Every structure is written in structure tokens, then in C-alpha cells.
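One chain, subunit A, appears in both complexes that follow, with subunit B as partner in the first and subunit C in the second.
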Partner chain A sequence: MISTLFLTQLQILINEAMTEFSAPDYLPALPEIFLGGISLILLTIGVFVGNRITTLLTWVTSLVLIAAVVIILSLNINDQITFGGLYIADTFGTFMKCLVLIGGAITLIMGMSYVKNEGMKRFEFPILILFATTGMLLMISANDLISLYVGLEMQSLALYIVAAFKRESIRSTESGLKYFVLGALSSGLLLYGATLVYGFAGGTSYEAIGNIIESGDLSLGLLIGLVFIASALAFKVSAVPFHMWTPDVYEGAPTPVTAFFAAAPKIAAMAVLIRVLIGPFYDAFDQWQQIIIFISIASMVLGAFAAIMQANIKRLLAYSSIGHVGYALVGLASGNEEGIRGVIIYLSIYMVMTLGAFGCVLVMRKRGQMIENINDLAGLSRSNPPLALVFSIFLFSMAGIPPLAGFFGKFYVFMSAVNADLIGLAVIGVLTSVIGAFYYIRIVKIIYFDKPKDSFDKPINIEITATLTLTGIITAFFFAYPSPIISGAAIAARSLLP
Partner chain B sequence: MIVEQITFYIFAVITVISGVLVIGSRNPVHSVLFLILAFFNSAGLFVLMGAEFIAMILIIVYVGAVAVLFLFVVMMLHIDFSKLRAGFTRYLPIGCVVGIILLVELILVLTTGTVDFNIPKNVISQIPNPEAISNTEALGNLLYTQYAYLFQIAGFILLIAMVGAIVLTHKKRNEVKKQKISDQVNRDPNTAVTLHKIETKEGGTWKSD
Partner chain C sequence: MSDWPILSTITFLPLIGAAFILFIRGDKETVARNARHLALWTSVVTFGLSLLLIAYFDISTADFQYVESVPWLSDYNIGYHLGIDGISIFFLLLTTFLIPICILASWDAIKDRVREFMVAFLIMETLVVGVFSSLDFLMFYIFFEGLLIPMYLIIGIWGGSRRVYSALKFFLYTLVGSVLFLIAILWIYLEVGTTDIPTIMQYNFSPEVQIWLWLAMFASFAVKVPMWPFHTWLPDAHVEAPTAGSVILAGVLLKMGGYGFLRFSLPMLPEASEFFTPLIFTLSAIGIIYTSLVALMQKDMKKLIAYSSVAHMGIVTIGLFTFNQQGIEGGIFQMLSHGIVSAALFLCVGVVYDRVHTREISAYGGVVGRMPVYAVTFLVFTLASIGLPGTSGFIGEMLVFVGIFKVNTWIALLALTGIILGAAYMLWLYRRIIFGELTKENLKSMRDMNWREISIFVPLIALALLMGIYPSPFLSVLHTSVENLLIQINPDTTTEVLSSIDIHSIFNPATNIDK
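Moving on, here comes the complex of A and B:
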């Protein structure tokens, strides 16, 4: 049966290929082609010059990522499909890609001193980040299950390597291995789901799958395939019950890598989840809505409770990121334009806050040693008032306290849930964010009211200061000028929905 | 027709027997060799089905790479396989029970018709004509045209895997002696070689200064 199907598909494609094959339109994929080409050039330069060029390569890579943002924005392509239906460029993709690229560039810049001090100064580091980011872009632009899979593998493979990049540290190696084994499992789930969908829909392109479901033939096989694909993507965004790897990997991986994990791949995977569910599986909304509501509630609850007992700041931020995924999924559960807009706004704000918080973690260094205990923050308000202020801004914002940015993220998401008659979901969301506020504010209390310990190493280098200033200003004054993100998110959401 | 059937049964029987021997034989090296035999015979089965491309891939990838890798692992790492097999008889009953439960469940699912695995009519839209074009040719036509995009990304993935292997395992070791061509070429022959004139019968007692 399957082999007949395969041959059918093959035959159709052969007929197409033989009769009317012409070179595809490369322009929509220009950002990816640009990044891929540059990464090869930089890799070659790195191999010939060696590790002394690392700092320069890191700067060049972050400039390249910013340049890709400029290319994407200047192309501004809406709804163009190329490479025989494998690739789509639309406004939603443009918005998400810009987020991912900016996240990558900022982590590279703020992690530079860590990379230098912790013996990770090898030229492959920025290049692997560049590869991973390219993979994420491909993944966001995928318009076919096969191109989704190869993009996902490209980014994951590079991420496994950077997680284990500090190879003389047992924790880093362990986190890389754990991430690899569990990531391979989730890839297996995705592939299994994709084969089922292919078998029961007769095609891998989103269009073919969407047509079959729209015609009302939601067969059981297709449904099982959908569940597997959703589970695999839930793993990538680290939503409960597929979150087990997150705390260990976040704790073990080098801090800049953790910051990158929390910012870029999560947003990319969320974009893929949205595109898959809202695109081909849109007409199976009633089915996948239950799944999304369940993992959303589970993530919010676990994120709120499990973080309370943590003593390690990176572990705490890992649980906090699980919770944030839960809040973002509330918007997806409403499944309409307003909900998707809410998710996009939430993710943008989440990225800014997370990068800022990890920037603060990167500053936690005493006598040349990195420290990660929350209690080491005691009395930070005395020893370094500006840092204490900016850290508190991020924490309050994550807790969702107005008028900081995090409040607006939650506001739009919960509003969409209420308008979509998911009042129960919104109530649970509000309750868990109140519980979550406890552990965020506990850190603020440690910073401001606990007995001071010896202060962190000074001076804080210029890259981290710049990052903290930028993200701090955006978080604190988002309410003054929110329109770029909100209107951008609205346009992106509109481009996605039929 | 009869020749085809005989060939099929030969390949099938050998595949099954060597499959049993892979788990049965005491020597792990023998297991790997039987695995290779099983792969070869399955490749034969694929050829009989008209899937010559998969047959070739099976031999190239599984025999050429995977089985040889197994062989390396078995021979390089001294794993005590008798120890691994120690609990075999003890766990045999529970293993059988689990296996039988799974089998019964599978049969129930497939025979009672509770699950409808019928593919909707509109999925299969065209009856292919496998005689018109061979497998390999068809794949080749698609891979470099329609799927060139995926082909390129697969190349990138392999490159990342290679970079990763080097990043995570390669260590620069200073104690290893290496040949440096430039040093050898740049050596001054006047300082590198000295000529001594040694008198007859004094070779045994001569010492360099």
C-alpha cells in the first residue's frame, strides 16, 4: 500500500519535473542562501587562520546575522512559494526570522567574554551558532514536511554540539549528550508522524495535507500522525510533558549557549508549531485544540510550582521558560487571528526579557569564577545598584507586573483566550502567573533585602552592559511605544490565517 | 516464474536463519558477520521486488558502513557479552509473556475492524506505471531538480556533523612528532651534515666531538 503510494507520488512528481522543470525562484530564499554561503566562507577562514581569529569571527557573525535581518526586511516578500512548494516566504516568517536572528546576534555579542574566559575560544563556536540560526530560518520557512524535518535537524545538530562545547566540563558534556539522545527521540516521533500523515494524505506538502483535511476526510491515521508531530514540536518548545530535558540541559550548557537555547530555537520551534497547526491542520482545529490546551495548562502549572524550590539561577530560568511556553500556547489554543497575534507579541517580549535575564547571569562572576546560586545575589543592590535595578526589571516583567513589557504579553494572550470562550484557560493562566510571581519576587527580595555578600567582579564589560541597557529599556518602556511590535504581529498573524 | 519463487525462498530462508544466528551465536564477531549475510539476502529480496535502488543502498550503507562500524566496536571495545547474556533464562518467561500480549493485541486490532485504516478515495489519484521508468532513474530525476533544495540542506547537515565530530573530539597534542615539510626543506645542508675523515683501522675507536 505504502509503496504504491510512494510510486504514485513519484510518478506525479516525475511528470512535473520532466515536463515543466525550470530553475526555481531563488529570491525569496536570499537570506538563507546568504547565511549559508557566508558560513562556509567563515568556516574556511577559521580552518586556515585558527583559534586566534575567534573574537573577530564572533563580531563578523553577529554582523552577518544583523545583515540578514536587513535583507529580510528589505525583500519584504509576502506569500511566495518556491523550490517546488518546499519553501514559503510570508510576513509571519519574516517576523519570526527577524526575532530569531536578533536573538542569535545578541547572544553571540554578550557571550563573547564568557567564551574567552571559560576556555571555549575556538573559532567553530560562532560558526555553529550561524549554522543553527540558518537551520531555524529554513524550519520557519518550511512548507512541506520534508523541508521541515531537514531544517529542524540542521538546527538541532548544531545545537547539540554547542551544548557540549565546553568539552572538559562534565556537566556541559552531559547536557550535550542528554539533549542529543532526547532530541533524537523527538526527531523519531516527528518522522513517525510525518510518515503516517504522508501515507494517509498522499503527500507531504502542507497544501496537499490541507486539501485532504478540508475535504472532510480526517482519517484515524492522519489524526495519529498529527498527534505525533505535535508531540515532537512540543518537545522542541519544551512544553510539559515533553520538558524533562530542559532543566538539565539549561543548567549544564555554557551560559551563553543556554541564553541562545532559551531565545532562538524556542521561538523558531514555536513558529513551526503555529505554522503546522494553523496551516495544513487548520480544519482539524477541534482535535488539536484539546492537545494544545492540555500542554498549555500543564506547562503553566509546572513552570509555576517547580521553579519555587530551585537554588540554581539557570535551572530556575529553565522552569520559568517552560512556564512562558505555556502562556504563549494559550494564544495558540484560541486558534484565531487575535490568538496568533498574542503569541507573536508574547514571544517577542519573552525573547527580550530572557536575553536580559541571562545577561545578568553572565555577570555573576566572583574572583574569576562563574557562580550560579541564587543566594549569591544577596545584597546586589548595595554592591552594584544599576545591575540590581535592571535585574529586578526583568524579574518583575517576567512575573507580569504592569507597566513592564511582560504584562502586555500576558494581557494580549489572555484577552484572546477570553474572546475565544476559553475563560477557564485564561483563569488558570492568571492564577499560575500569580504563583509564579512568588519566585521571581523572591529573587528581588534577595537582591534588595538580604545581607550583602562579597560583590561580583568589576568592571562589567561593555558588550554585556550595552545588551542589558538595551533590553532593560525595551522591557521598562515598552508601554510608551508598543505599536511596532503590536502592529507587526497583527500583520504577521493575518498573513498566516486563510 | 518457478525460478523466481525458488530464488525468493532461498533468499528468505537464509535471511531468517542468519537473523536467528545474529542473536544466537556466542561470539559477537560471528553475530556481526551473520548480520552482514542477512543484509545481503534482504538486498536480494529487494531486487526480486523490483526495488533495485533500495537493494544497492542497503548494501552500501548497511553492509559498507554500519556493519563494519559494528565490527570495529565489537573488536575494539572488550565488552563481556557472556555477562550481558547472564540473565537470559531468568528473563525469558516474562519476555515471552510480554511478547504474547503484544501479539494478541495486534491481532485484535487488525482482525476486529475497530480501526479503519482505509485510505480515503481522493488520496490515490493516479495509477503509476513502474515499467516506464526505473527506480534509480526516477529518484535521480527528482533529487537534482525538484528536491535540489533538500539535497543542499542535507549536505549542510553532514558538514555540521563533521564539524561537530572535530570540535568535540579533536585534541591538539604537542608530544606527537610530526613531519614538517617546510622545516625539512629550509634546513641548511652545511650545518646538517658534517664530514669526518677517519683513518684506516681507527673506525672502532672513533668518537664524534
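Moving on, here comes the complex of A and C:
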């Protein structure tokens, strides 16, 4: 079935190419082409030179990611479709891609010392991250279920490997395997949904699907296809009830990889979810709104309650990220421009806070051993006051206490929910955020109120210090100059909606 | 004068001071000493600046003064908007007045992590001043809820033995109320299209919407005030907080609830406020009697005063919901008086606590023999708390009762019972601590208050007596704004307001002269 789908699609493409006799416009896809090309070159270099140049490769990769941001911003293409309708470049994509790239670059830099200390210093690591990021950009820009699938698989396969990158650690390999098995399942769901949609809509391109639904012909098969696709994407953003892999994978994977998981792929998958639902399935809003409301409430509630009992900081952050996805989905459930804007703002702030929080986790090292138990943070405020302050800022911000950045994220999504008459959803949201506040400030309690234990290893690497300073300042003083993110998100949201 | 942003200066000066304190370098002792001095001077200068506000204040208008307005989240029509009127100016002054006193009171009491303590306190001052001077709903909310962070840390780091439990309880209790308030703000914003408070005050919400909005706001303010039965966080937080923390909690933070009712619930949601008046009256009356009875049985001094705070704030809420000039002005006056008196009482507890390190009432007795100056100070505030004529407590209670008797005699009667009980528990507390035989060994070596402590209490005593003997300057500033508030609540009451001036003028000869 899949192969026939591919073949038909290929036939259509060939036909189009034959009739038009012109090469596609490559320019809009320049960032992906650039990243893909560079990653192949780096891979070749790596194969020949070996693990000696891992550090250099990591720096180069980060620079390449930043360069891609520059390319995207300087191209600044709005609403251009190319490659026979497979690929779209718009402001929404630009914004989300920049987020993903920055998140990827920061985790790479931040994780460098971890990679060195934990015996993960192999040249494939930065290159796999680069491949994954390329896949994410592809899926953000996908304008067709086929290119969506290709992009998604490209990132997923690279991610499965990096999750298991600490080969000698049972937990790491287990997390990689778990991620792979469940990820393959979700890919299957996506494909199955795509075939159903193709069968009932007669096409895989977003325009074709959108036109069918707009004409009012929302058949049952199409609807089931929509549910399958939404489920697969919910899996990728780790929304309840497709979240089961998250705590295990987050806990088991090497910490920089976990940070990367929490920042980049989640944002990319969220971008895809938004694009698919707001794009081709926009006219089935009444149908998917119920799904989104349900998974949003379920994620918020589970994220709030399940994290309370966690003793492992990475596991706790996993549940916290599930909760954050729930809050972001509140904006999507409103389905209007304001809601999308809220989601984009929320994701931007979420990324900054998450990177910061994982930066703090990367510092948790005693006598050369990484530690992950929350109680080991006891008395951090005495042994390392600046770190305690920064960590508390992230935690209060995640709890949504003003004037920190996290509050503004919640403010915008809840505003869109109230605007869309989803007051019940907003009330549940704020109440779960109070429950969530409990476990965040419990960590603050451990940091500030508890008796000190022996302190963490010093000094902290310059890369992590720089990251923490940057993310900390953004989180604490977002209120002073919020307009870049807020107006950027506004333009991005406007470009997406019809 | 007008182009200098004085309100912003007052609001953010403490924050700048806090930033400087963060960068003090040196050994532990130097840092602590410099942090104390820097914090004290910052707060004193802030207080001095805030006196300029009252010096140039125009009492003939109910409009907001010293207004500053800058676009902030301009896409959303949300601005940075500051300004004060006759009501908020006093709360602002109360804050800037109490903070230097708190810093002096923690001079020796806080020995550990002095720098962090002073930073937290100054950040808190910024946030509290921000609450009372914001004219934008979102800003108000940010300041209002941002307060939780420094207060949580102050209770949790420098508090007593059960500090962790109390800090968590305080944080979560207040947060639950606040987030519902946030939903109300969002709703208002979407209905009116702005978060500008003066604009929203002119807007008429439909009665059904008002009910919901009122309840959401009530959730927040009732916890903050606190009203029975939402008061349970207060005794815990008070008891465990360090002295300065209790002072600021009782003196200022509780007033934010009353201020919220006054600034938002009453003028923006008048119909709902009227609808819910019986609820407020009932809860307040129960609260006054219940907490007074509970206070009678306390073994811990701070807990006793904490419960008395709940009772006094019950009188405030009754006053605010009488919808007449005497009641509302009485409620505000009572809040200010309580801000000074209960703050002073907590400081009094702090004085003996620093010497004996226990708050058990039974551990004291016969203190007058060793500490005569302290005994007199404590007596003044005990009597002011009871509401003896000549002290600030009397004026507030008197006005509230004049107001409530016009509205509901039964509630007035019940609330009066609370006053009698109040006299009972306060006098009994005084007797057990100050009088009696000096039998306990550790009390025999106690020394009377030193100059630093006396200098803390002098301004408080002066103010408590001044407000009790000559309240007109205070009331005359309030007057126009409260009148304006009453017109906002009910445009038809203008005649009633005018006829009530006769009774009011007993306490306010100044307005008579003006007229």
C-alpha cells in the first residue's frame, strides 16, 4: 500500500516535471540543502579523521546551525511553495525553524563537557544532531504528507541513535530502544492515517486535502485518518495519552540529548501539529478541537500530578515538559490567530526555560559523577549562590509566577482560550498550574531551605555558565522588552492562518 | 515636577538598591554590614521621596495623580501605567514607612545570609509599591503575584522551626486565589479591550458577568485579607516568619486584599458587590467572633496577634461593604491603623523574642520589672489594638460602626461583640507577659530596649497617637476619592453622600472649612 502510494506520488511528480520542463526553485529550501550538504561533508571528514576532532566538529556544527539561522532570516521568504507543492517556506516556518536551530546549537555547546566526561566523545554525535535538525526543518516546511513523513523519519532515526549514544550504559541503550519501538509505532500510525486521508481525499498535498474538506465532504475515513495523524503527532510532542515513552527516555538518555529532546524535536513536532491542523484540516476545526482539548487537559493534569512524586530531576522535567505541552495545546485548542500566537510565544519561552533547567542539571556532578537525585540539590544556595538563584528563576518561571517569562507564556495561551469561550479549559489550566507550582517550589525549597550537602564539582564550564547566564537573563527580564518575541510570533501566526 | 517620573523612581529605587547589594564583595562580616546600611539608606531615601508625593498631593480631586503612561505590550493595548489617588497614596506611604523599620528590626536578628535577606526585602518593597501604584490590571497582577517569590523565601529561609510547611502553605494558598483572579483579568480584558484600570472603571459590565468576575476576584482578595474561612495560612505564616516578615505581612500584605476590594470589586462590579454584601457581612461577622475566641486560647504570642489581625480585617471588610462614606473611610482608616498597630505588636514580640528566644506566653511574666520602657510601648499598642479613644484604632472602628449601624444593626452588634472579646484577649496577653511575679530565671537578666529599638518604636507610637487624636489630615485626603468611589458604585447616591457629611464632619473639621 505504501509503495503504491509512493509510486503514484512519484508518477505525479514525474508528470509534473515532464509537463513543466523546469527545475524546481531551490532557493526557499536553501537552509535544508545547506544543512544536508554540510552534514554529509562533516560525516566524510569524520570518517577519515576519526574521533580526534569531535570537539572541533561540535563547534563547527553549532556554527553551522547558527549560520542556518542567518540564512533563514536573510532569505525571509513568505509563502513560497516549491518542489511541486511538497515544500513551503513561510514566516511561521521561519520562526519555528529559528527556534529549533537555536535550541540545537545551544544544547550542543552546553553538552560538550558532558560528552567528553562520559565517554561519548565520538564524532558521530554532532553530525547525528545535525541530521536530526535537518529533518526537523524539513518537517516544519512540509506541505505534503509525504514530505512530512520523510522529514519526521529523518529526525526520528537520528534521535533514536543519539538516545542510545552512551553505548555502555544500560539505561541509555534501553531508552534508545524504547524510543525506537514506540517511535516506530507512531510512525506507523502516521502512515496509516496518511493512507486513509489519501484514499478519501484523493491526494496527499495539504491543498488537496484542504480543498476536499472545505467543500464540506468530510467523510468518516478522512476523519479517522485525521485522528491517526493527530495521534502520531501527539506522540511526537509527548502529549497524554501518548506520553508513556517520555519519562523513561528522558531519564535514560544522556543529559545533553535529553535537553535536545525537550527543546528541539518537541518544538518541531508542535509546529507540524499546528501546520497540519490549521492548514489542511482547518475546516474540520470542530472535530479536532475536541481531541486537542482532551489531550491538553490530560497533559496538564498528568504533568501536574505525576511530577509530584519524582525523585529524579530528569524524570521530573520530563513530566513537567508533558505539562508544558498541555499548556501550549490550550492555545491550539482555541484555533484562532491569537491562540497560534500564544502557542508560538509559549514554545519560545518554554525552550529558553528548558535549556536553562537542563543546563543546571548538567552542573549536577559530584566527584566526577553525574547525579540526578533532586535531594542532592540540598543547600545549593550556600555552596553555589549564583547557580541556586538561576535555577530558582527557571523553576519559578516554569511554575508561571510573574514577572518571569513563564508567566507571559501562560498568559497568552489562557487569553486566547478565554477569547475562544473555552473558560473551563482556562480554569483547569490555571488550577493545574497551581498544582504544578507545588513541585517546582518544592525544588526551590530543597535548594534554599534544606541543610547543605557536599557541594557540586567546581568550576563550572564556561559554556554552561554562558548558557545559564543568557537563558537566565532572558527568563528573568523578559517583561522588560517582550516585543521581539511577541511581534515575531504575531507575524508568524498571521502567515499561517488562511 | 510633572515630567520627573517620581512614582517609577519610588517603585524601582529599592530594586536598584538590591542590585547594588548583590554586587558587594568582601568577607562575610563586611558584606553583612554594608548590606544592612545600603538597604537601610535605600529604604529611607525611598520613604523620603514618597513624602514628596503627599507634599504635592492635590486633595481637591479624585483623579489619579502623578500619572505615568508608557506603551508596553503595545500589540495588546496593555500599558505601563502608574498613578495614585487619595486611597492608594496612604497604602504606598505605609509601605515605604514600614520597610526601613523592618530593616532596622532585623539589624541584629538576622545573622545568617544578611545580603540575601536585604535583597529579598528590597525586591519586596518594589513589588508592594508597584501593587499600590499600578493603574494597569496586568501590571497590578504581576506585582501582586510576584510578591510570592520574595515572601516565600523570607519565610522559608529565615523563619522558625516549621518554616517549610508554612512557606509552602502560604505560597500555594495565595496562588490558588491569584490564578482565578488572572482569569477574571483576561475576561475583563477581552470584554473591554484594555487592561487600563481607569478605563475599566467607566465600563458597565452586565450583572451576570459581574457575578462571575466578582467571585473570581473574591477568591484572590479573600485569601489575601484574609477572611474566615480562608485565613488558615495566616497564623502559620505569621508564626514562622521572622519578625520583619510578620511585620510586612500584617502591615502591608493583608492590606492588598482590602485594597483589591476597594479598587476593583466595588467600583467595577457594583451590582455584584451589592449582591454579595450579605455574604461578606456574614463571613466577616463569623470571622470576627470566631478568630477572637481562638485568639483567647492561644499559647503563642505571635499566633494570638495573627488571629487578632483576622478579626480586625473582618471589621475592615464590613466597613468597605457598607457602601456609605463613614463605613468605607472607616475601613480604610482601620486598615492603616492596623498596619501600624499590628506591625508594632509584632515588633514588640520580636523585642522579647530576641532576648529569650521563645514566643510562649507562659515563658514570660513580670517583664515590667526589668523593662519599663518596653512595658509602656507594649501598652500603647495593646490599647491601640483594642481601639481606645485617642488611639488610631478607635477612629477606624468608630467610623465603621457608624457606617454599619446605618445598614445592618445585627451585624453591627455581632461585630461589637468581637471588639469586647478583642479587649479581653489583648489585655489578658498584656497581663500575662508584663505583670505578675518575675519568677523565671532567664528573664531576670533581660535588658530594656536599646536605642535602636526605641528609635523603631518612636515613629510608630507618634503615628498611632496622631491618627487617633487628630485624624482630619488623613481623612481629608481620603475624602474626595471615597466620594468619587461612591458615585461610581451608585450614581444616584450623590444626595445621600451629601447628607451624610454632617456626621462625617465630626472627625473632619477641615472639610467644613473648605466648604
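Heads up, the rule we're going with is that the second predicted complex is superposed on the first by the 481 of 498 C-alpha atoms of A that agree within 3 Å, B and C clash if a C-alpha of one lies under 4 Å from a C-alpha of the other, contacts with A are read in each partner's own complex, and residues count from 1 in each chain.
In this section, a residue touches a chain if its C-beta (ideal position, glycine included) is under 8 Å from a C-beta of that chain, and two chains touch if they have at least 3 such contacts.
Keep in mind the model is a prediction, meaning the values are calculated, not measured.
Counting the residues of subunit A touched by each of subunit B and subunit C gives the higher count for B. When both complexes are overlaid on chain A, the residue A:L128 reaches subunit B alone and has no touch with subunit C.
With both structures placed on the common chain, the touch criterion links A:Y448 to subunit C but leaves subunit B unconnected. When both complexes are overlaid on chain A, the residue A:I486 reaches subunit C alone and has no touch with subunit B.
Looking at the shared chain after the overlay, A:V434 reaches subunit C, while subunit B stays out of its contact range.
Legend: residue contacts after superposition of the two complexes on their common chain; A:E153 is shown touching subunit B, with no touch to subunit C. Residues 1, 3-5, 7-8, 10-14, 16-18, 21, 24, 36, 43, 83-84, 86-87, 122, 124, 127-128, 131, 134-135, 138, 146-147, 150-151, 153-154, 157-158, 160-161, 164-165, 167, 176, 199-202, 212, 215, 217, 219-221 of subunit A are the ones touching subunit B in the complex.
By the touch rule above, subunit B contacts subunit A in their complex via residues 51, 115-120, 122-130, 133, 138-139, 141-142, 145-150, 152-154, 156-157, 160-161, 163-164, 166-168.
Within the complex formed with subunit A, the subunit C residues making contact are 72-76, 116, 138, 141-143, 145-146, 148-149, 152-153, 156-157, 163-164, 167-168, 171-172, 175-176, 179-180, 182-183, 186-187, 189-190. Partner subunit C is touched in their complex by these residues of subunit A: 381, 385, 396, 401-403, 407, 411, 414-415, 418-419, 423, 426-427, 430-431, 433-434, 437-438, 441-442, 444-445, 448-449, 479, 482-483, 486-487, 490.
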